[in-house]
Structures are given as C-alpha cells and as structure tokens.
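In order of appearance the chains are A, B, C and D, and numbering begins at 1 in each one.
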Amino acid sequence: MSEHSVSPKIYFAIFIALCVLTGLTVWTAKHDYGAFNTPIALSIAGLKAALVILWFMHVKYSSKLTQLFAFAGFFWLAILLVFTLQDFETRDMMNYYFFKP
Amino acid sequence: MKSTVLTPPAPTPHLAPEAKERTTYLTADYGWKSWLFTVDHKRIAVLYLISIMTFFLIGGAFALLMRAELLTPKGDLFEAETYNKLFTMHGVVMIFFFLVPSIPAVLGNFLVPIMIGTKDLAFPKINLLSWYIYVVGGAATLFVAITGGVDTGWTFYAPYSSTYANTNVAGTAIAVFITGFSSILTGLNFIVTIHKMRAPGMTWFKMPLFLWAQYATSLIMILGTPVLAITVLLLGLERLFHIGVFDPALGGDPVLFQHLFWFYSHPAVYIMILPGMGVISEIVACFAKKRIFGYHFIAFSSLAIAIFGFLVWGHHMFVSGQSAYAGMVFSFLTMLVAIPSAVKVFNWIATLYKGQVSLETPMLYALGFIGLFTIGGVTGLFLAVMGLDRHVHDTYFVVAHFHYVMVGGMVMAFMGGMHFWWSKMFGRMYPEAMGQFAAVVIFVGFNFTFFPQFLLGYMGMPRRYHQYNEEFVILNVLSTAGATILGGGFLMSICYFIWSLKWGKPATQNPWEAKGLEWEKAPTPPPTFNFPDGERIVVTEDAYAYTEEEAHDHVAAGVKK
Amino acid sequence: MSDHAHTAPGLAHHFDDLEQQHETGTLGMWAFLVTEVLFFGGMFGAYAVYRSSYPEAFMRASSHLNVDLGGINTIVLICSSLTMALTVYAAQKGSKNGIILGLLSTLFFGAVFLGVKVVEYHDKWVHHLIPGPNFQFTEGVYGGPEQLYFALYFAMTGMHAFHMIIGMVIMVWMIFKARRGDFTPGHHPLVENFGLYWHFVDIVWIFLFPLLYLIGAHEGAH
Amino acid sequence: MWKDFPLYPEQASTIAQPVDLLYFFLIAVSAFFALLISVLVVVFAAKYRKSRPDAYSAHIEGSTKLEMVWTIIPLGLTMVMFAWGTILFFDQARMPAGAMEFTVTGKQWMWKVQHPTGQREINDLHMPIGRPLRLTMTSEDVIHSYYIPAFRTKQDVVPGRYSQMWFEANKLGTFDLFCAEYCGTKHSQMIGKVTVMTQEDYERWLSGAVANETPVQAGERLFTALRCITCHNATSAARGPNLAGQFGKEVELSTGAKVTFDADYVRESILNPNAKLVAGFQPLMPTFQGQVKEEDILSLIAYLKTFGATAPAAGSAAK
C-alpha cells in the first residue's frame, strides 16, 4: 500500500454499492430459486467481499505480492472445502457401487 | 514461572583468539533480563534450543517407557490407562514441541537473517512473543501430563476425545491451540523477512537452499496451523460445553473431525521434514566441496512439496469410512507429492559425484539421512496404495514409516545441522571423534529399533496396543533393544555438546571452509547485528560457489590460487 | 515496528529505510489475515459439510433467525468499514481529529453491532436454542441436525463477535495514541494494519449473513 | 522363510494373495531404490574422498536431462503402483451377490456378531469356508475397526452410520481378529478369533449354538411391537409410506431430492424421522431414539429387506 491514498468519493461509492448488494441478497433470498439459491447468495457475497478487498483494503493499489497473499488465503480455503465435500458428496454413490443394498 | 527454562551458563570469555576483545551476541549483555527480554534473533534461537531439547528429552523418556512396556506381550509394566497416556504424551510432546519447531525455531531463527545478510528478522518482538507462547503452551501441556494426562492419542479422534475419554482432553486441546500460534508467528516472520529483507544482490536464486526450505515450511505453517487451531477449539468447546459439533448422536460426523485434523496434520509432517532437507542441502554441498546439483530443481521441489502437501491428507482415512472415490483422488495426489522428495534425494547424490567428500559428523548424519529418508519415503508409497493400506493401516507398519521419516530423517538432519553450525552459534567446536561415534551409534540403534516394526506391521500388529499376541514378541524385544541404543546415542551427543560449551576447542570463523554469508562474512560467534559494524553486505557470488575459483582458473589458464 | 528513532522518525534499527519497513508491516499483516481466513475457513468447512448432509434441518433451524436484525447488522458493519476507511484516509492526510472522529464512529457502529448480537443471543436463550443439554427444538423433530446448526451458528458468530471485541479494544488504544500525536502522514502503520483487520472482520460477516440467516428466508422453509 | 520369522500372515482369504503380490512388488521397487541410493552414497563417498586440503571438485551445476530422467521414472513407477493398488481396492471391495448377511456391533471393548440365522457371538466369529460374507457394522460409542490380518482387510466402524465390508475365506483354521482404531483403555483387549470351518462343521456349530430367532423374525416382532404397522401399511389411509418391497429402490423426498432406501436411510428415519421426509407425507412420525438398540435396528432392516419382497430373501441361511 504505497502512499497512494484513495479519495473519500470512491469510498462512498463503494459504500453505496455494498448497501445495494446487501439489499439485493436479502431480496433474492426471499424468492426460492431451487438449486440456485446458494450459488446466487455466495456470488453476491463474493462480489461484496471483492469490493471491500480491492478498495477498502487498497489491494487494488498494492504490490503484486500483497495481491498474491490475498488470493492465496481464499485459494487454500477452497482446497479445504472442495476436497472435504468431495468425500461427503460421493459417499452414497460409492456405497451403492460396492454394496447394492 | 518458566519451569522448563534454565538460563544457559554464559561461557567464560576465553573464546577464539580474535573473539576475545570483540563483543559477541553472547557477551553483549549479561543477566537473565538480557536473555528473557531479548529481541536478538540469535538469543531467541538459543532460548528455543534449550526449551526444545528439554521437550525432546521428555518425549524420549516417554518413548523408552513405552518400549519397556512392550518388551513383554502381557501388559505387566503399566496399567493400560497409563500406557495410553504415555503414547499420547509421547506423540503430543514430540510433534508439537520438538519436530514442528526444532529446525525452524533454532537453526532458522539463528541463520535466516545472517544468510540473507540483514541485521534481524522482520518482527523481532513477535519473534520473542513466539517463544513465550511456545513456553506457555509447553508448560500447559506438562501441567496436563502431570495432573492426570490425556489418553486419546495425539490425533484426538472424536467421538472418543469429545465424549467418551475421561482424561484431561480439554486442557491438552487448549495447550495445543496456544502452541499453534507460536508456529504461526515464526512462519509469518520468516516469510516476510525472506521477501523483504534480503541484502542487495541476494536474489531468490542466490539464496542458500536452507532458506528455500524455511520459506516453503513457513508457507505451510501459515496456511495449515489455523485449521488445527479451529479444530482443536471446536473439540474443546464440545468437551467443555457439550455442544456436539462432531457428536454422531446429533447427526454429526466423526470423519469430518478427521478431515479438518489431517488438513493440518499432513502438511505438518512436511513442516517437520522440509527444514531437515534444507539442512541436508547445506551439509552435502559443504562437505562435498561442490556446487549443489540441480539448485533450481531442489528449490522448486521444496515449494512443490509445500503446496502439493495440502492436497493429500485423505490417505490417512482410506478405511475410515471416507468414500472410495475421495480415497482414489487422495491416493493419486499422494503419488505426485512423493516425486519432489525423490528428486531431492537424487540431486544430493549427484552432488557427491566428482566432489571432494570429507566425512565429518555433519556429513555422516547427512548421508544417514539420505539412506533412511529414502526408506521412509518409499514405505510411504506402500501406505498411499489403497489396496495395501487396507491391510497395513493403523498397524506398526505406519509407526515404522513415520519414525523412519521423522527420526531417520528430521532428527538426523537436526543433529547434522547442530553439529554443522554449533561452532557458529557458540564459538566452540564439538569433539569430532565422539561426534562420529555417536552418529554411528544413533544410526545403528535407529535401524535396530524401527526396522523390525515394518515386519510387525505387515504381520498385523495394530498400533497403540498395550499388550499383544505371543507371535509378535521376538520383533518387539529387538525393537526395545534398539531403542535403548538409540536413547544412549542421543544422550551421548547432548553430553558432549554441553561439555564443548566450556572446554570445546575455540572455533575459527569458517572451520569447515564453507560458503555462505554466515561463514564468510559473520564472525564466530556473530555480534548482535551479525556483521562487523558498518560492513554493507553486498552479495555477488552464487550460492555454493565452491568451485568458482576452479572454474575461473580454467578460464584464466588454470593457475590455482 | 519498534519506535526508537534512528534516521527517520519511527524507523526500526534493522530496516534500511521507511519504505521497506512499511511494506514489511503490510506483508506481515496480510500473512496474518491469511491465517484468519483459514481459521474461519475450518468452520465454513464444517458448515458446508453439514448443510450438504442435512439441508432441510438447516433451513428449519435458520428460519428461527431474525433476518431483519441480520440485515441491519450487515449494514451497520458496512458503515463501520466505511468509517474505518475514512480513518485511514485521515491518517494519510495527517488530520488528527479526522482519525479520532473516524475511530469513534467505527467504535460506535461496532457497539451497535454487538448490541444487536446480544439481543439475538438473548432471544435464542429464551427459546432454548442454545446448543447443549437444555437445547429444545419444537416442530416435532428430533432436533439433532438443528442443534448442529446452532452449534455452528454460535461458534461462527461468537468467534466473529470475539474478533470485533478485540478490534474495539485496539481502537480505544489507538484513540489514545492518536491524541498523543503518534500518527504522522509518513508513519502510521498501526492505523493501516488495523484497517485491514477491521475490513477482514467485515468480510467474514458478509459471508456469515447469507449462509446463516438467509437460507431459511424463502417461503419453502417455514 | 524360517517358521518363526514369517514375512506375512497366513493367506486365508481370496484377496490375501493379490495383496501380498502387490506388497512384494512394492518391496522389490523399494529395495532396488534403497540399495541403489545406499550403494551410490558409499561409492561416491569413498571414490571422491577429499584428496588434498585445497583440491577442487568438478564444476557441475546440474543437468536438466538427468532431472527429467529421475522425475519421469519415479512418476511412471508410482502410477503403476497407484493403478495396481486402486484396481485391487475397487475389484476386491465390490461384493459378489449372494453373500451371507452378518451384522457386527462394536461396543467399547467387545465385538457383538450376529449370524444370518440369529446366533450371536462375542468377540469371536465362526464362518464357513468358500462363501462370501458381508458384514454390516456399526458402533455404539466410539470408532472401532474390524481387522483380520489373515484376510488382509479392515474397516473402521463409525458410530451413527453403517460401514460395510465383505470377505471370503479360502483356508481353514483360526485367525486373529483385532480392533485397529484406538478406542480407549482396553483397546488392546478388544480382540478375538475367527474360525473358518467346513460347511458341515459350520452347520453343526450353528445347531449347537442357541438361536432364539433370526434377525428377520426379530425384525418382524419389533415391527409389530413398536406398532410401525399402524402407519406403514398398504391401505390408502396409511399415514406413513408403504414399506413393502421398497428396500433398495429410489425414494422421492418432500424436497424433490432422491434417496436410495438403504440401511442408512432406514436407520436415520427411525432415529430422526423428519430428516428425509417422503414426498406427500406429513412429519407425524415420533423419534424412536433411545427406544431401539442398535441390534433392534439391524433386525428391522433385515426384516424390511424381506418385507413384501417378491424375490427370495437374499442371503438366506445355510438351510
């Protein structure tokens, strides 16, 4: 985060965007989209998180290294989630394959 | 207050001739305050050395008691409860308080700033905080051990640990939770230091491979330890407030605990072995007086092990009820993570080719490491193969495998590293002949102890058994005999190390004629700011430039200096 | 980040120049934030697994949460993020009052957030929804997985609230440092790094809100 | 090998021999590499011993070709190991049809086994040679692991769900049975013997052992005793789904998701009825948590397999 300072106008713009997105996520939650509920909710939350990270946390103006660290944290979280869920989601399939009930 | 830490005897000032009038980091200040409130990374390394060796001896004592119990098939030396507490404390103390911190906190703390040519780590106060957290966690664990112990195994598998064990699991969970942060802070310090504080000219590919290994280890410490912290915290919550997160009665899944636990604990075994590999690269290059073979390949394989290490934890759970599909994926990725380790071993051997090999103690440990780590690594492949793991999981085959990698690999590298840099840390040489003898005793005692366990494992003797069947008795007696030799070897080396503090031969700046800033630029023992005052460190040479002159000489018509 | 001055004010002995010290501080903070991401990540992992095993139970349990209070709390936390960002801006411009005002408003929003949390926790206490021996879940259901939901709910929001409390204590300390004039336009690492920490805490809530509150919000769940 | 230094336990099951074959292949590869590396270390250390204090060694920085060689070859070998091991695992793990249905319940520090014909055993297991056995296992407290070294197979027994395992003995004799997953104080005493007998001996043993009722009969008794029939019957006014002939089929839930009507689903529906509600039914069923023991659920499952099933009950007893 070099001495580059972000002007308050951008901060307020981001603030408004975040409030709008919060409203949007509540509104979409009121309607049932079946299997798409979670993906929609998570993508809105991801967008809000990206706004906070890039502007509020100055990652947009930071060194490549800081950006890499920011990305690495979420990437390892993804590793944890994907490989753990991969076990739970395929258990029934495997059980059926081996031991027809 | 700090029951485990004793202030080291400040060595009397008859140091190396030129060191007499020069103040070193040891003689810069006296009194316990100068030690317990120091921010000098070298002093913190010495503090860590003392606390780590204390825990190594405690863990080793537990191990010898266990081996004594297993001398006879019937459980006649200890109650089953006591034996279970012994193997649990042996696991917890050895892993969290010796294997994970030892090389990074002792050799890493001492050498990382010197090797990159800077005065100290990025965050000196956080470095001291890391040691205090380690000591608080250690004191808490010893308190738990004394006031009743814990008998869940170092893996704390739910639901036994969360509901059915009636020993002090919550206390151990909190102690491990605290100690995790010591590891995180050390890792954080190293990553930032290596990124931001390298001396001018010290590019990434001019850095010694020890630093690459420390950097890769720190990545794992940063990315893995927090998940252990949260897992152990959830376990503590479940025990203290009965909020069943892993409780099968509520629909919770004990296998989820295993997923979260092994997400840290498998990369943790790479935290333990990678620094050892870093030390071996340094020792092999120095004692073969030859450039390391395949520098870039060794450096990148350290990173590859660190990153791939996070994708393989499921091979601990092939028969635990994990879906076979997930098992297949984890088995495949475990095969991939084995390749970088193999590449490293082959590169070390290629370094010996056409070198000028001298077999002092550090080199004996390094060559021992290469042999034993190969056996350890290859038996890991046995366990990564699903068809075979169904037979050998949770047997002594697994115990033999990880002891070959941890004791045959990590501890041999730690001993090699201590012998290699001992003169730089304390200005004294250890007794060479005794060093070589102890190395051979440890090598023999180690193989005597753990090779029979491979056979026991395939014969089907399960782990963590207080008593076993008659047919396993011969191999167990062999193993116990080996354990006493191994224990003797370690005690011997600790004795002559302490002896050398006062009566060891004063060491010159570069006793091994090694390359690297810590040998060529930093005096023995280094002053508080590592390099003689006012000396701007600018790095020009490549790492391990042992044959630079010879290369130039060929160019300059072969005149040898 | 020790403060005994050498050449420039606030330059620690082992750094070459202020620029290096500043970048080192930021990198150190980001490395710490990575550990925090994975620390909360463990709980999100448990949430993901249990929600995939018991989707209906999680919806049933989540419908007991007050979505409006959750929404208000999200907006409150976003406001506190804004004021924190303005505090960092004020520190860069060196206006001492700007810093103090920013910190006070961030503290205010934080307090409001925790107040709402206390209300919500009390409401769970009244309805016997605290996981543990006296957990009772009506609607003729055994209530096992529902108790898992509330165990995760309290673990995640509790850990999040705990992180906010730590943040607010640090803010009070920063107000005193600001009053003493410790923050100069060239050297105010504490404000910047604390800003990163506070925004991280906000991001955790940004993910907690939809995953815990909103899964039970659509009609199918009641 | 010498009698008292065996390298591997007796090969008493159909998968023992293939597993040992894989084991010897791995030993061969490991021995080769370990020897290669040890010999190279000793040879290089001796051959290139430091001759003069100021002698220089060769200036070699590396060779990408060599690196490729010792990356590709180990990769190839590990892929062979992976493929062989995974095929072995998947092939052997697939249960042949017509296996005898045994149920195993692990409890802190004992194994309770029940034969298809109802006989119960503690810690031991008598079984006929040459017939596949299928074990449906669960635990009443902590994780155990049913491990028979001579059969080269083990399976963790996790509380709260069913773990399945199958094997087929091809050698007579008595073999060890261990608990392999640490389960508390007497973990090392949770052991037993597996006796493989000829078909006739097994039937003679069965008749000798007291057998009050087969699991199917026990399940039927419980099905009426717990008044399941009042809701789960074929009449249109039934408040619960009709369970006749349902076992093994797909069931549509109220949320539209599809679930296989298998042992885990039955167990969960008994203990936590409204977790997976069948489409078109109200959440009226009370939980039976605490009223039924693990063996009772296993018996109910055995009964449901035969309840209104057209095909003859799979795994019928020896008779």
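Heads up, the rule we're going with is that a residue touches a chain if its C-beta (ideal position, glycine included) is under 8 Å from a C-beta of that chain, and two chains touch if they have at least 3 such contacts.
The shown structure was predicted, so the numbers you read here are calculated from the model rather than taken from an experiment.
Chemist: Using mean Cα positions, find the chain sitting nearest the overall protein centre.
Modeler: B
Chemist: Using Cα averages as centroids, what's the distance between chain C and chain D in whole Å?
Modeler: About 45 Å separates the centre of chain C from that of chain D.
Chemist: Using mean CA coordinates as chain centres, what's the gap between chain A and chain D in Å?
Modeler: 39
Chemist: How far is the middle of chain B from the middle of chain D, if each middle is the mean of its Cα atoms, in Å?
Modeler: Averaging C-alpha atoms per chain gives centres 36 Å apart.
Chemist: Out of chain B, which residues touch more than one other chain, so two or more?
Modeler: Where chain B meets two or more other chains at a single residue, that happens at 195, 223, 227, 249, 251-253, 255-256, 259-260, 263, 321, 324.
Chemist: Considering chain A alone, which of its residues make contact with at least two other chains?
Modeler: In chain A, 65, 72, 76, 80, 84, 88, 95, 97-98 touch at least two other chains.
Chemist: At which residue positions does chain C touch at least two other chains?
Modeler: Those would be 23, 27, 31, 34, 38, 41-42, 45, 49, 53-54, 57, 144-145.
Chemist: Hey, how would you classify the chain contact layout here, line, ring, star, complete or other?
Modeler: complete
Chemist: Taking the touch rule as given, give the residues of chain C at its contact with chain A in the complex, in rising order.
Modeler: Touching chain A from chain C are residues 22-23, 26-27, 30-31, 33-34, 37-38, 41-42, 44-45, 48-49, 52-53, 67, 71, 74-75, 78-79, 81-82, 84-86, 89, 92-93, 192, 195-196, 199-200, 202-203, 206-207, 209-211, 214-215, 217-220.
Chemist: In their shared complex, at which residues does chain B touch chain A?
Modeler: 195, 223, 227, 253, 255-256, 259-260, 263, 310-311, 313-314, 317, 321-326, 329-330
Chemist: Considering only the defined contacts, which chain D positions touch chain A in the complex?
Modeler: Contacts found on chain D: 93-95, 134, 164, 166, 247-248, 259-264.
Chemist: Touching residues of chain C toward chain D in the complex: what are they?
Modeler: It comes out as residues 54-57, 139-142, 144-145.
Chemist: Would you pull the chain A residues touching chain C in the complex into a rising list?
Modeler: Against chain C, chain A makes touches at 1, 3, 5-8, 11-12, 14-15, 18-19, 22, 25-26, 29-32, 37-38, 41-42, 44-45, 48-49, 52-53, 55-57, 62-63, 65-66, 69-70, 72-74, 76-77, 80-81, 84-85, 88-89.
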